[in-house]
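Dropping the structures in below, format is structure tokens.
The same subunit A turns up in both complexes below, where it pairs with subunit B and then with subunit C.
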Partner chain A sequence: MRMPRLLGAYAGAFYAFLYVPIAVMVVLSFNDSEIMGFPLKGFSLRWYGEAFAANELLGALFNSFAVGIFASIIATALALMIALGLRHRVPFREAVLPVVLIPIITPGIVSGVLLYVSFGVVGLPYGLSTAVLAAHVTWVLPFAFLTLYPRLHRFDRSIEEAAMDLGATPWVVFRRVVLPLIRPAIIATVLFSFTLSFDEFIRTLFVVGSQRTTPVYLWLLIAEQMATFLPAVGVVIMLISVVVAGIGFWVSGRAARLAARVEN
Partner chain B sequence: MDKHVNDARREFLKRSAAAGALAALPGGLAFGQAGATLEILVVNALMSGPLRGILEKEANIRINDAPFQSSTDVVSRLIAPGGTARYNLMMSHSIFSRGPVLGEKAGAEKCSALDLKKIPNVSQVSDTFKQDFLERDGKVYGIPIMWGYDSVLFNTQHVPAEKDPAMQSWGLIFDDKYAGRIGWQDASPHMLLAAGLFLGHKAPETMSTAELNEVGKFMISKKKNVRTIWNSFAQCANLLATGEVVTTFGPIPVRYGLQQKGQPITNAWCKEGVLSFVQPAYIPKDSSNQDAAHAMINAMLGQRYASQLSPACGYLSTSKLGARDMPAADRTKWGYGILDGTTRHAPLRMPPNLNQWLEVWTRVKAA
Partner chain C sequence: MVPGLLWLAVFAVVPLGFLAVVSLWKASAFGLSTDASLDSYRILTNDPVYARVLWQTLRIALVTTLLSLVISYPLAMFLARLKGQHKTLAVLLVFLPFCTSYVVRTFVWLPMLGRAGVVNQALIGLGIIDRPIDWLLYSEGTVYVGLVYVYTLYMTLPIYLSLDRLDPKLVEAAGDLGATPLQAFRRVVLPLSMPGVWSGCIMVFLLSCGAYVTPQLLGGTSGQMIGNVIAAQFLHTNNWPLGAALSIVLVAVVIGFVFVAGRRLGMQELFMGERR
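So, the complex of A and B:
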């Protein structure tokens, strides 16, 4: 009897620890007060108005979307190629996985310094389309690979072999057989990669130059001033990530169901 | 019908891709503006309000300012591989900058020697900042542009120091009277320098190891009064605004921001001296647009920018033009009294034995 109660208390504390800070941020974003804190002074949407009236936020959101879209597509394409390649006997096959996963196990600040120094050595200019995009692709790629690889690994290759028996070239097999079956997984991977890129901060800070992504903009607000619309900006960023991740999970679930149907 | 739909879809995709690519280009959507574009790395507040517009107009430039983290970060970026070509203009505390910017010997400079003929306003730099020029062999590599100070910030409704100069002391951040409502900044050597000044050291950066340890012991004995050791300006501002702390070690932007919001916060003119610092501007040696960078430095020392600097962000100009036409009350309010000697200050200097200072500060924090 005591055990379930304890477990309930533990679960309650666990969820409170996870979600109360988010709830506080949401509440403060509507607080009609000049200070970022309690007591609550009434309901107001003005901080959202102020946040969106600042051109910097819109510019930063636009930049984050642009980098996120390109980085997620490039990383997913690269991850797909690696995953496809690993289905065959290739030299150093066992070494590929650890190498691909290095960006995950490297601390963010170390990655940032490494990117900063190496981009300096090769003379890659700062900017969203250059250094930031490269940094985001290297960060997102392992996650994209880890999402796609199991899908391709479980793939029933007899379907491809049947298509080839019927005279299809490897390209036709990929385009007409493999791609349609893994398309939901690819879409889910792109969306998941997008959220990772959208939220990326520490590596970006090292190589962003004079532009701002949304997390960099948010960090500047925290570092420099008490911008009262900060919770509103936080809620907006969180909503974007939640919506995109939600779509990703939905598509991913669909992909799993489709794969199960094909296997059956 | 299908063809139209497909054409429309293709057109949409084409335009989306073009828009994305456009956004991803360095410089984003800012096409069609006059003048050279300068990539700069300076305290971002120096470009706030009307300041950016003044500079862009007077120097006929367009300014892209990178996110500023700290003076040490600026210097690190300068000396990293490729760092001398990343930015057109940089600024950082003179105490951090001199060594890395000038290098060990002649020829090792990371920055260009400035052509002072292109910066006529250099003659307006106050004599107080003569030692903050970055110079070697008669050549000038950096010109002091902005200065400021750290002092005690306090809530005037809880701390009756505003009208009592005798109370204005670094002691406000150690006083048992405000136990549980005091904030310290997680910054070494700043906090130790402040404590050193309070304990009577005129030049605390020269303290011996024994004296430094005494300062550390004193701080540990007073740590029981401290509500929190804050990290970011926003955290400091929030602590003061919510009343969680009523007195704290504090920088100018926090006081400025809170006063703009009507909060009863001001700073103490500590009788032991506020900690003042200076930031020179310098042009990395491989900067692609040196003329425009010279023009920007000149504009920063000019009358319009210099006089607007304090009202726009709280920092002060090294140019005599900054306070020339300012009412006396405003001069006092912003801190220009330091220049005429009516307010004491202790220039922020780097202790030679910095490792020991870091060790002592770590001990204080861990206590």
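So, the complex of A and C:
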């Protein structure tokens, strides 16, 4: 089909809508001016210097990385177990998907206060390694499932059956046959899960206690003081997410090609 | 699969029960009383403030959904028509901004729409206005801009997927049978893309209903949503029962919508873009 010129022009406008605000943030992060805005006063790296001079940013980045790594691995493992289980005849098979989707359906603000209230009522401590990790795994799990399940679903069962016929135990079949085939999909899922956790805010804010993740740090910075180094912090956060997600896309592209080769 | 489901039971289902229980507690000047009472729900029905903010939330979510649909559909058509590497690149470019935190993606509108922001300075530079316009920020309109900006991918993506699966021969056949391009769109393309449209609408509506960051940062006093009122009960007034009751009401509304949509379309289709 030929691309109508109007549609092309519209797409240009759409991409401008997506990227102009981001470009403005990047430009302002280098702007040598005391106010966060225009006119531009020349190039400067001082906002990046100031952003990192306060140790809070580095601490928050470290916390976000730690929670992201643990949450993405735990969530991917749990999602993989559900996705693998769904390939067999199990009781209440139809009810599994709605249950997995609960964290997505629950409105963001409600998810935020859910664990705050629950941990409070039970008397468990708030913080990164407790409530935040629990909240992140719960939030990421459905997305990990939705990325993994189609890969496993399309997977040719006859390869596994052949291995079983040759005397492999279920564990050996998983380790030697299933896992190598879905490894790229698993790696991509872990990476996407990491960016979801790294960027998570509303489910973190209430239960983080006195600790800080990067989005919470940015939020408090915006709310408490309109610091002029805000754009610089925004650029740093954005760069990390985009790089990790970029690797994720690359790996998942390879995973798709690998799957296509196996299926043919 | 048991560990995964057990995790969800403990951290997603049981907490909803806790929330329901707390909504039946009583807040007083001396703290919380755990005697069962419908006080919080009585406050919700008696004080018109809460009905108004719920109504405003649903209205904002609905308008955001419609705006996203209108701006996403043509883009999805554009993406579906591209081929090869152009297509991969164009889809990736739509995805990339959404990989980063919505706190950042909401924040970017402050230097866009503020008094010293791009829009005001550009209009002053062009001589269209001589003083910055104040209502660009902190109004209901700003919330629409922010929410559409943050959530429109969830609309673009499912529509794109359903258009991408559509066999172009169908459109050609319609043309061969004498349909004008507009007729072919209305009678062939649009009906076949409806699963994607519904899926996108539900996602954007759900996400907008639970919004907190966007109205808090961009909404000012006139663009407040139920998320801000709920958060205030926990962060400022410390009225857990009222916050819990508001949350339960919001969850009930949202589950109602998903249930109706799920009955019509099927969960699988709604969230995984798969046809039954």
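Here, the second predicted complex is superposed on the first by the 257 of 264 C-alpha atoms of A that agree within 3 Å, B and C clash if a C-alpha of one lies under 4 Å from a C-alpha of the other, contacts with A are read in each partner's own complex, and residues count from 1 in each chain.
Keep this in mind: a residue touches a chain if its C-beta (ideal position, glycine included) is under 8 Å from a C-beta of that chain, and two chains touch if they have at least 3 such contacts.
Here the structure is a predicted model, which is why all the values come from computation and not from measurement.
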For the three-chain model obtained by superposing on subunit A, do subunit B and subunit C clash or fit? clash
Quick check for you: in the superposed arrangement, does A:42 touch first (subunit B), second (subunit C), both or neither? neither
Output check: A:78 vs subunit B and subunit C. Expected answer is one of first, second, both, neither. What do you get? second
Which partner does A:150 reach: the first (subunit B), the second (subunit C), both, or neither? second
Comparing subunit B and subunit C in the superposed model, the one touching more of subunit A is C
Between subunit B (first) and subunit C (second), which, if any, makes contact with A:220: first, second, both or neither? first
Touching A:195 in the superposition: subunit B (first), subunit C (second), both, neither? second
Who does A:121 touch here: subunit B (first), subunit C (second), both, or neither? both
Should A:230 be classified as contacting the first partner (subunit B), the second (subunit C), both, or neither? both
Looking at A:59 after the superposition, I want to know if it touches subunit B, subunit C, both of them or none. Which is it: first, second, both, neither? first
Touching both subunit C and subunit B, counted on subunit A across the two superposed complexes: 35-38, 116-117, 120-121, 219, 222, 230
Quick check: in the complex, which residue numbers of subunit C touch subunit A? 1-5, 7-9, 11-16, 18-19, 21-22, 71, 74-75, 77-78, 81-82, 90, 92-97, 99-105, 107-112, 114-118, 121, 149, 168, 171, 206-207, 209-213, 217, 226-227, 230-231, 234-235, 240, 243-244, 247, 250-251, 254-255, 258, 262, 267-268, 271-272, 274
For a test of understanding, state which residues of subunit A touch subunit C in their complex under the given definition. 1, 3, 7-8, 10-11, 14-15, 17-22, 24-25, 28, 35-39, 78-79, 81-82, 84-86, 90, 96-118, 120-122, 134-135, 137-138, 141, 145-146, 149-150, 195, 198-202, 206, 214-215, 218-219, 222, 230-231, 234, 237-238, 241-242, 244-246, 249
Could you pull out which subunit B residues touch subunit A in their complex? 20-21, 23-28, 39-40, 44-45, 64-67, 69, 77, 80-83, 86, 232-235, 237-238, 241-242, 253-254, 257-258, 261-263
Can you tell me which positions in subunit A touch subunit B when the two form their complex? 34-38, 59, 62-63, 65-67, 69-70, 116-117, 119-121, 123, 125-130, 133, 205, 208-212, 216, 219-228, 230
